[in-house]
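In what follows, a single structure is set out as C-alpha cells and then discussed.
Note that the chains take the letters A, B, C and D in the order they are written out, and that residue 1 is the start of every chain.
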Amino acid sequence: MKLTELYQEIILDHGKNPRNLRKTENFNKDAKGYNPLCGDKVHIYLKLNENKKVEDVSFEGEGCAISMASASIMTDLVKGKEENEVKEIVEDFLKMIKETDQINTKLLKDDEKTKLMCLSGVKQYPMRVKCATLSWHTLTSAIDKSQNEINSEKMEI
Amino acid sequence: MKLTELYQEIILDHGKNPRNLRKTENFNKDAKGYNPLCGDKVHIYLKLNENKKVEDVSFEGEGCAISMASASIMTDLVKGKEENEVKEIVEDFLKMIKETDQINTKLLKDDEKTKLMCLSGVKQYPMRVKCATLSWHTLTSAIDKSQNEINSEKMEI
Amino acid sequence: MNIDNIKKEFPIFDNKIQNNDLVYLDSANSSQKPKVVVDRIYDFYTKEFSNVGRSVHYLAVAATNMYENTRVSVQKFINAKDKDEIVFTKGATEAINLVASTYGQKYLKPGDEVLLTELEHHSNYVPWHYLRKSKGVKLEFADINDEGEITLESIEKKITTKTKMIALTHLSNVTGAILPIKVITELAHSKNIPVLVDGCQSAPHLKLDMQDLDCDFYAISCHKMYGPTGLGILYAKKKWLEELPPYQGGGGMIREVKKEGITYGDLPNKYEAGTMQTAQVIAFNESIKFLNTVGMKNVMEHEKKLINYGQEVLRKNNSVKLIGNPKNRGAVLSFTIEGMHPHDIATILDEDGVAIRAGHHCCQILHDKLGLTASARASLGVYNTKDDFDKLNSSINKCKKIFELK
Amino acid sequence: MNIDNIKKEFPIFDNKIQNNDLVYLDSANSSQKPKVVVDRIYDFYTKEFSNVGRSVHYLAVAATNMYENTRVSVQKFINAKDKDEIVFTKGATEAINLVASTYGQKYLKPGDEVLLTELEHHSNYVPWHYLRKSKGVKLEFADINDEGEITLESIEKKITTKTKMIALTHLSNVTGAILPIKVITELAHSKNIPVLVDGCQSAPHLKLDMQDLDCDFYAISCHKMYGPTGLGILYAKKKWLEELPPYQGGGGMIREVKKEGITYGDLPNKYEAGTMQTAQVIAFNESIKFLNTVGMKNVMEHEKKLINYGQEVLRKNNSVKLIGNPKNRGAVLSFTIEGMHPHDIATILDEDGVAIRAGHHCCQILHDKLGLTASARASLGVYNTKDDFDKLNSSINKCKKIFELK
C-alpha cells in the first residue's frame, strides 16, 4: 500500500513532534511561505554568524504532517552548515522530490540522507509535493532576501 | 421555394424605390431606431396636426430590402390616420409578423392589407423579423416619446 | 426519474477511479454532470455549431434561439420577473465582480460601507476589497454566532447610515448555514440598502424564488449546478441593469459606435460583451431541465435526509469535530480531526476513492475566526447516498489507525 | 493528417443542413470543432471530471495537471518565453478588457493617448473608450489606406509624446489586412510605448512567435481556433503581469486573506479568479495538438491558395465589389453587391447552405470610413475548399437573379 510509504513512522513522529518549532532569538534572516491552496503557512528564522554559517534555524507555522515533518527534518539538517552548503542541500532535496528520487550531496551523512528520503513518498501525490517543499523554498527566500525585499509581502489594505 | 415568398415583387419594388424616404419639414415628433446586429438605422419623422392626425410621415435610413420595404409601406399606410389609429395598425402588424399571420384591423382597406401581408414571409426567417419590425417600433417610439426622452439616446463621449 | 437511483444518470460513476467506486463528496467545489448535459454539448458541437447573435444563416439563428431559451429557463427556475434580468457570466465570481465594479463606480463614495459576513467566500470579498483602494469604501463583517450562523440580528447590528450595500452568502460553503435572506432583504430595503446574494451553494440545492426573496442581485455558478464549467449567472433587478454602467466592453453589447463615442445596447446585451459561452449556455438548459425533472422539492428532501444521516454518523465518531451547528443546514459538512491535518485526511480518504476537499475552501476569514488554518469538507449532490457517508466514516477510521489516534 | 480532406475530421460536415451540404464561410465569427476536441470534452465530463487547483483527491490532481498542460502547449504554440505569461480568460474580449482596465488604472493620466486603428473590432475599442470617461484619456485612430491596410507610417504619424499604448489588430476581420506588428512594436518600443495586439483573427491562421513579434500583450479567442466556446487567452510579458494590479477578485487568485487586507497569489493565478473554464481549457489542448499535427505552415499555404482563388472568382463576378486589397491578406474576404443589402445576400445564400456573415462585423468605425453600414463576409477555416468558393459564387448569381441585377 502506497500510503504507508507516505506516512512512515519518521514522518508521523516529526509531524507530531516537530523539532525547532520556535522562533530563533536574534535571527538575522527570515521569510514567510504560504500555500494559498490549503492555507498552510511557514515562517523560517535564520541566524547566520559572521562566517555565514547557520548558528540557528527554526520555524513557526501550521500544516499537515508532511509539511511539518519536512520543516522539522530540514531545520535539523542544515544547522551548522554554511550558506552555500545550505543552498546545495536545498537544491538536492528539491531535485530528489521532483525528479531523481536520490539524494546526492556529499554534505549529508548516510543516516541524514535516509531521513530525507522518507519524504520521497510524496512524489506519488503531486498535490502534496508543495507541502513537502514549502519550507525549503522559504528557506531559500530567507537566505536570498535583502532586508527591503522582506517587506514586499505587505498586505494591500 | 420559400425565398420567392420573402422577396416578392412588391418588396423588391418598395425596397429599391422606397416611398417617403426623405425628411418631413416641420416634423413635430421623431425617433431613431437601430439594429445593432447589422448596423441598420432608421429615423422616423412625424408631423401630427392639432387633431393628432398624421399630416406627414417620412423616414431616413439604410437597410436591407425587407427593412426599406417595410418602412416604405408603413409610411404609406399610416398617412392621414389618427395617432390612436396608427397605434392600432402598428400593433396589428406586429402581431401578424410574430404570431397570427393575419391583418385584422378595420382601419385598412383590403388592398392595403394585401400589401402588408407581403411582409409575412419573414416569419420563416427569424433573424430577419427585426428588419421588418424596426421601423414600426421606431414609429411607436416617435409617437410615445416626450421631447426630453428623445435626447436620451445621446452618445457617451 | 427517481432520486434514489439517480447515480446512473451520471456517467462518471460507471467507472472505477483508481480501482475504487467513486464516493464523490466534493460537489460544493463542483458537481458532476448528468449525461443529458454532456450529450447536449456533444451534439451541439458536432451537428449544430455556430456563434450566436451575429450571423443570419440557419445555424446561427438556431443557436441564437437555443441560447435565449436557456435564459428563459433560468428565469423560470429562479422565478425572476423578466428574462432580461438574467445575465450570463463566466462564473459567480465574475457576476459579483460585475456588480461590485459597476455599483461601486456609480454609487460609492469614500466612507461608504459595504457590509459582508464572516462566512463569505473570497469571491464575495475580494471584489469589494478593491473598492477600499479605488473608492475609499469601508468593509464591515457581520459576526457569526457559535453555531456558525449569520442571523438577522448580526446583520442589523452592523448596519449604519453609511451602509450602501449588503453582500452575503445564501448558504455557507463551510458551515452549511442557510441565511435568512428574505428578512435580511426586508430590513435592508427598509433602510434603502440593496442586497447582493452569493447563491453559489444554494442554487443547486434550494428552491429559489427571486420575487419572494426580493434581493437585488443574485450570483450563481452553473458548474456547481450540474452544468458546464465556465458559466455563471447574474440575476439583477431590471432597474439596476438599466441604471448601472456597463462592465466589460466589446462586440455585442453596443448599439452604435463612432470614433467620438458609443451608445450601449439593450438589456441583457449590455452586460454580455464579446462572444459568449455559446455551447455552455445551450447545454445548461439541460441542467435546468434535469433539476426540474427531479424536482427541487425532492432534491431538498433527499439532501436533508442525507445530511442528517451524515451528521449522525460523524457525531458518533468521537475523533470528528463538526464545524458549525446551524439549525438550518444545507448540503455541506465540514469537520476536523484532532491530531490530523485536513490535507492528510483527504489524502488517506482518496486512497479509498472518497473525494472530499481539504483546505480553507476560499474562506480564510472564517477559518481565522474559528482558529483553524484548514478543515475537511464533505459536500453533497443529488447522486449521494447514505452509503457514501458510511464509506466516509470507515475511511476516517482508517486515518485514525494510520495516525494512531483513538 | 492531410489538409485536403481534413473536412472529415469535423463531424458537422457529415450532416445536411436544411438538405444542403454545409458551405461554412463564417469561421472568422467562430470556427467549427474537430472531433478530437469534442471527444475530449465528452470524456473529461463523463470519466474524469473535477474542479482544478482546489482539492487534493485523485480526480482533482489529474484535472489540475491537464489544465496546466494546456498552458504549456499554448506557450509553445505561440513561442512565449514562460508558461506563466499565458492567462486563460473568457475570450479575447475579456483579455483586452483586463489589460485596458489594469493598465489604465495604474499608468494612464488625463491627456494621455491610446492609439488604435480604424480597423479595430469593437472589442479592441470599447474597453479603451471606458478610459476616456474614467481617466480622461484620449483615443486616436491610425488611418487605413485605400487598400484597407494599416502601415507602419500610418501608425508613426499618430504617435505623439502623449501616446501611452498602441492597441491594434494583427489581422483585420473585415479587410483581411495583416499588419506589420513586428516593425510597429520596434517603433513603439523605441518610444517606450507598450503594444497590445488583438490576435483573434491571426492565431488560427498564422504561425505565431511572441518572442519575435515582441509585443507586450496578445489576445486570442479559442473558439475561433477550433476550440471550445467561452475561452480566450491573454499573453502578456511577465513584467507586465507582475506590475499590473489584479483584475477580477475571487477564489484562487489570492495568497492570504484577512479582514484588513489581501495579498495576491503568484502568476498566473493572480489573473485567474474564481473557478475557471476547466473542461474548455483541457479540451483546448486538443485544438492545439490538432493545429500542430496539421502544421501551421500547411494551414497558411492552404488558406493562401484558397483566398487567392476566392478573390479570383469573386473579381470575375462583376456585381461583386471586394472590400480592401491588402498586399498581405489573411483568410477573410468581405464584399458588397451594388443594389443589394448584405442581409439580403446572406439570407439568399443561406438557402443554399452557404453560411456567411452580413453586418458590420463589430467594426462600425471601419464601415463608416468606407461609407457602408454593412458588408458581406466570407471567411475561411482549414476545412474550406475551392469548391466552397464556387458554391458561394453560384449562390451570388442566384441573388442577382432574384434581385434582377445584371
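Criterion: a residue touches a chain if its C-beta (ideal position, glycine included) is under 8 Å from a C-beta of that chain, and two chains touch if they have at least 3 such contacts.
What you see is a predicted model, and the numbers here were worked out from it, not measured in a lab.
Pairs B-D and B-C differ in how many C-beta pairs touch across them, and the larger number is found at B-D.
Averaging Cα coordinates per chain places chain A and chain C 37 Å apart. Taking each chain's centre as the average of its CA atoms, chain B and chain C sit 45 Å apart. One finds 31 Å separating the Cα centroids of chain C and chain D.
Each of the following residues of chain A touches two or more other chains: 37-38, 41, 125, 128, 156-157.
In chain C, the residues touching two or more other chains are 54-56, 60, 129, 254, 256, 258, 261-262, 343, 347, 358-359, 364.
Each chain pair that touches appears in this list: A-C, A-D, B-C, B-D, C-D. Across the complex, chain B meets chain C through its residues 34, 36-38, 41, 125-128, 153-157. Against chain C, the residues of chain D that register as touching in their complex are 11-12, 15, 17-18, 22, 26, 29-30, 32-33, 35, 37-38, 41-42, 45-51, 54-60, 90-94, 96-97, 105, 121-123, 125-127, 129-130, 134, 139, 141, 221, 223, 228-231, 248-254, 256-259, 261-262, 273-280, 343, 346-347, 349-350, 353-359, 362, 364-365, 368.
Within the complex, the chain C residues that touch chain B are 53-56, 60-61, 64-65, 254-256, 258, 260-265, 269. Contacts from chain A toward chain C in the complex involve residues 1-4, 6-7, 12, 16, 37-41, 62-66, 68, 125, 128, 131, 156-157. Those residues of chain C that touch chain A in the shared complex are 129, 132-133, 339-344, 347-348, 351, 358-360, 364, 367, 373-374, 402-404.
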